[in-house]
Amino acid sequence: MIDNQTVQYIAGLSRLRVQDQDSSRFARDLEVILHYVRQLEELDVKDVPATSHVLNIQNVFRKDEIAPSLTQEQALSFAIEKNSGHYIVPKVIE
Amino acid sequence: MKLYDQTAQKLKELIASGDISPQAIQQAVEERARAINPRTNAFLRFYDLPCTQHGSFRLPIGLKDNLSVKNQLVGCASRILEGYRAPYDAHVVERLLESGAILQGALNMDEFAFGSSTETSAFGSARNPWDTERVPGGSSGGSAAAVAAGQTIWALGSDTGGSIRQPASFCGIVGLKPTYGRISRYGLVAFGSSLDQIGPLTKDVTDSALLLNIISGFDPKDSTSANCPVPDYTQALTREIKGLRIGIPREYFIDGIQPEVLNAVQSAVKLLEKAGAQVKDISLAHTKYAVATYYILATAEASSNLARFDGVKYGRRAQSRSSGRPAIIDLYETTREQGFGDEAKRRIMLGTYVLSSGYYDAFYLRAQKVRTLIKKDFEQAFNEVDVIVSPTAPTTAFRLGEKINDPLSMYLSDIFTIPANLAGIPAISLPCGFDSNQMPVGLQMMASPFAEETLLRTAFAYEQATPWHTERARL
Amino acid sequence: MEFETVIGLEVHLQLNTCTKIFCSCRNLFGDQPNTNVCPVCLGLPGSLPVLNRKVLDFGIRVGLALDCEISPLVKFDRKNYFYPDLPKGYQISQFDFPIARKGHISIKSSAGDKRIGITRAHLEEDAGKLIHNDQNRSTLVDYNRTGTPLVEIVSDPDLRTAQEAYDYLTALKLVLSYLSVSECDMEKGSLRCDANVSIRPKGDSKLGTKTELKNMNSFSAVRRAIDYEAKRQEGILLSGGEIVQQTLLWDDARAVTLPMRSKENSHDYRYFPDPDLVPFVLDPAWVIAAREALPELPTQKLSRLVEHYKLNIYDATIIIQDRELADFFEACYLIYPDAKKIANWLNGPLLKELNERKCSLHDLDLLPAVLAALIEKVETAQISNLAGKEALSLYLNKNGSLEEIIRNKGFLQVSDDQQLLTVIDEVLRDNPAAVAEIKSGKTNVTGFLVGQAMKKMQGKANPKKLNELITGRLQNE
């Protein structure tokens, strides 16, 4: 069961704030969907391999060769806040 | 003759014969796009780009708002990307520019492609040109609506679980989801990376083949793009389907399909049979698990893909409100709370849940295994048949607001399109009639990996024997 | 109650490829901020990673050098957490199919050699750099470092003391430094170490709750931090408390560990296979070729230096601490085949020069032939040992060629009999008392006369020759 506490845990992990008054709404939505997806439990998949990639492509590499990077100006052109060549965020207290 | 209602192929011929200039076409289409946009809300923005002077396809094209165009805003119809201008072109955009295409603007979509109606767009739903009280489908609803309304000649969308085919079906046009890996995803803002594929939305099958020619091929910047040759897809448009084996999957003809949709599809099958195809019943046994599998895998990938929208680098940053927690965490949470809509939040949370400690095996890993079963169903089916035919969607376009508060029923509207994404196979939707409300019905055809030629050949044969593709929404 | 400390170390090694792990940006330290970045390493929407093949080669090399099994299937996974130095909100790493596992390395402990297990070594991408600015309460972010290839080497929890951890790091760094895959410099951040520390009552087999220590900037800081943390945990347990599993930052100035607040609630990393990267299948031939291309490793080199060149263990051990030095040794030997003499010069004057200059051998313009020539000049008494050391120092300070330095500084010793005898005869004449003493059997006074003669020669006489000539003169009289 998805309860408000689970919603708050997942919201915390995904850095989404969910207000208390919205918690039960999301809990209900998620529960409905999870109940639906639990039908997969009907299948015996013990010996079935997992598919991560639908095509059978392997060993795709790049050579260790330098290509042009963005300029600092380009790299910071979309920055929300910038200063002296850096992106800026509020002070991170480690 | 309304220039904006013509196909790319027709306009190309007119340009070649000197009857019309690319500029005249561009002007006509742009006028139409602007004039009618208040009613369709298909375009979110028009690009500000210099005109191209060369190339074989100097025709206007609209792009779904999740494709990166250098120095242009790219927003995925979300508030969280507000103000973000991509510093680079998507691979498909490079290819389009090489062909001379005139990039018109960004087309409306469900926020981050999360939806089947375009109603989750942060900038208002796009409208169906056949009935503006109805949805155009989604997530590439803006792309489908714009093509159907003559606001652009053709368009690109992306398809993770049906997001090209279902809106094409709802808007009475042709939508093609190519084989996974056929087209580079580089520059496409990712939703479900193992499922996403870019594809054309066009007025007919010929244009679909033409646009596929332009954008297909290996890209060293996308490890998952296939390094295999690209044929000239227009060569497949022969109308010849004698002996073609067509499979009708019994699991796709279930209760709950709108009767008019069922009728239209059954008539289409009969027509194909009359044209010389062999029709047989087949089984895709795990079809009923596809939606569940999809919503686990796609949301898991999405929860990770959307983590980068955190208010640190680009897009929107919410003012933090000193909650007593570290300022950076507050910044993340406030930004994401304000920047994402409810459906995005639901999917991020669902995806986070199915990957989280203790649930991975029960949900994510199990879904990956069921994906294998679904893929195998298709492999077996394609031993017996060349093309699988089904409805694209169980219904025609529904009314705005009809499903928006019921996520599960919205998800189930993708029930016939999702399997192709899970199996990575190509699939096309093309018009096959209208319901009693004059809303278009879509016919889906699926083929084995990289058999786009078979798909296009079959679709073309059907299209040329029917009048549906010549109908235009009257708006 | 007596406690035992259980330590496992995670070492991150930056690989010195030309480009980053998943994009073609330069992999270089110290450039202007945010200049070696592109859509991929900035994690811009729509960008996709493509693996640098060399990173895989380097990973295999590291795995083989640590006696690991190389995985025939390599895949990459996403490790999801939020941090401003991580532009995508996930780190591409390896979860269940690391490139290498089940290796080991030996350390010297008080109880003899001890084998430390290597759980795994996996490839991943580095994060960016945060610079904290106290004045305007902001943090600056530089993404040049994002996408720098890393190998993370995880040890088994086999280490029992802070000193063992220190010894393990020393041994590990030595092996890694032989592979030419990294600068292995902890000060520059190309080698970093986190420690997992727990304690348990001695004799217990169950592991206690561990804490993860970060932010140690030298091997000795690792040692200090572990010592502190073990005592802290002991204090908690003895006072009836419980250890909280958490990440702690070592504050070297205050010598304490402190909780890391900014990563709260992010320990559930939700690993899953990265759909943007395909699997990599390493066929056996690839691994065999990598094994054959592996350079000689320190332990092999040590035994070869001892067996082939008859060096003693002490000398050989010093020489192999630096692969360059060992190569230099062998190159010198080809020119001047006296292993002991070369070892003395390398481990004495040359290492002293390197330490004083705080540089490595390749920073000096010193060819093996030059050092060999210098040794030969000293050994054939053309110059004194002292002058030889001074000549080396001057040479390294770019005061001209060796020949010029010896000539200009007047380092050449006089060995000419005629010239020396003239001076000796004067000395014998001026010091009759000493001469008498020698004749009466006090031969050790000869040294005094040699000193006098050397004085007259202003230090430039060959002392051995002087001794011979004086002794000969007195015997003949």
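Letters are used for the chains, namely A, B and C, taken in the order the chains are written, and counting of residues starts over at 1 for each.
Heads up, the rule we're going with is that a contact is a pair of C-beta atoms (placed from the backbone, for glycine too) under 8 Å apart; a residue touches a chain by one contact, two chains touch by 3 or more.
Worth saying up front: this structure is predicted, and the values here are computed from it rather than measured.
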Contact-richer chain pair (by C-beta pairs counted) among A-B and B-C: A-B
Chain nearest the overall C-alpha centroid of the shown protein atoms: A
Identity of the chain that, by mean CA position, is farthest from chain C: B
Approximate Å spacing (C-alpha centroids) for the pair chain A, chain C: 39
Where chain A and chain B are represented by their mean Cα positions, the distance between them in whole Å: 22
Distance between the centres, which are taken as Cα means, of chain C and chain B, whole angstrom: 56
Multi-chain contact sites of chain C, meaning residues that touch two or more partners: 39, 42, 50-51, 82, 84, 139, 141, 261-262, 268, 270, 275, 277-278
Set of chain A residues in contact with two or more other chains: 13, 15, 52-53, 57, 60, 62, 70, 75, 87, 89-93
Touching two or more other chains - residue numbers and ranges from chain B: 84, 87, 194, 220, 223-224, 303, 307, 310, 312-314, 326, 328-329, 332, 352, 356
Touch list for chain C against partner chain A, complex: 17-19, 24-26, 32-39, 42, 50-56, 75, 82, 84, 130-134, 137-143, 215, 249, 260-262, 265-266, 268, 270, 273, 275, 277-281
Complex interface listing, chain B residues touching chain C: 66-68, 74, 76, 81, 84, 86-88, 90, 185-190, 192-194, 220-224, 300-301, 303-304, 306-310, 312-314, 326, 328-329, 332, 352, 355-357, 360, 364
Residue ranges of chain B touching chain A (in the complex, touch as defined): 83-85, 87, 179-181, 194, 220, 223-224, 226-227, 286, 288-289, 291-293, 295-296, 303, 307, 310-317, 320, 326-329, 331-334, 336-337, 340, 345-346, 348-350, 352-353, 356, 362-363, 365-373, 375, 407-408, 411, 422-424, 449
Contact footprint of chain C on chain A as seen in their complex: 12-13, 15, 52-53, 57-67, 69-72, 75-76, 83-94
Residues of chain A that touch chain B when the two form their complex: 2, 6-7, 9-11, 13-18, 26, 29-30, 32-34, 36-41, 43, 45, 48-55, 57, 60, 62, 70, 74-75, 77-81, 87, 89-93
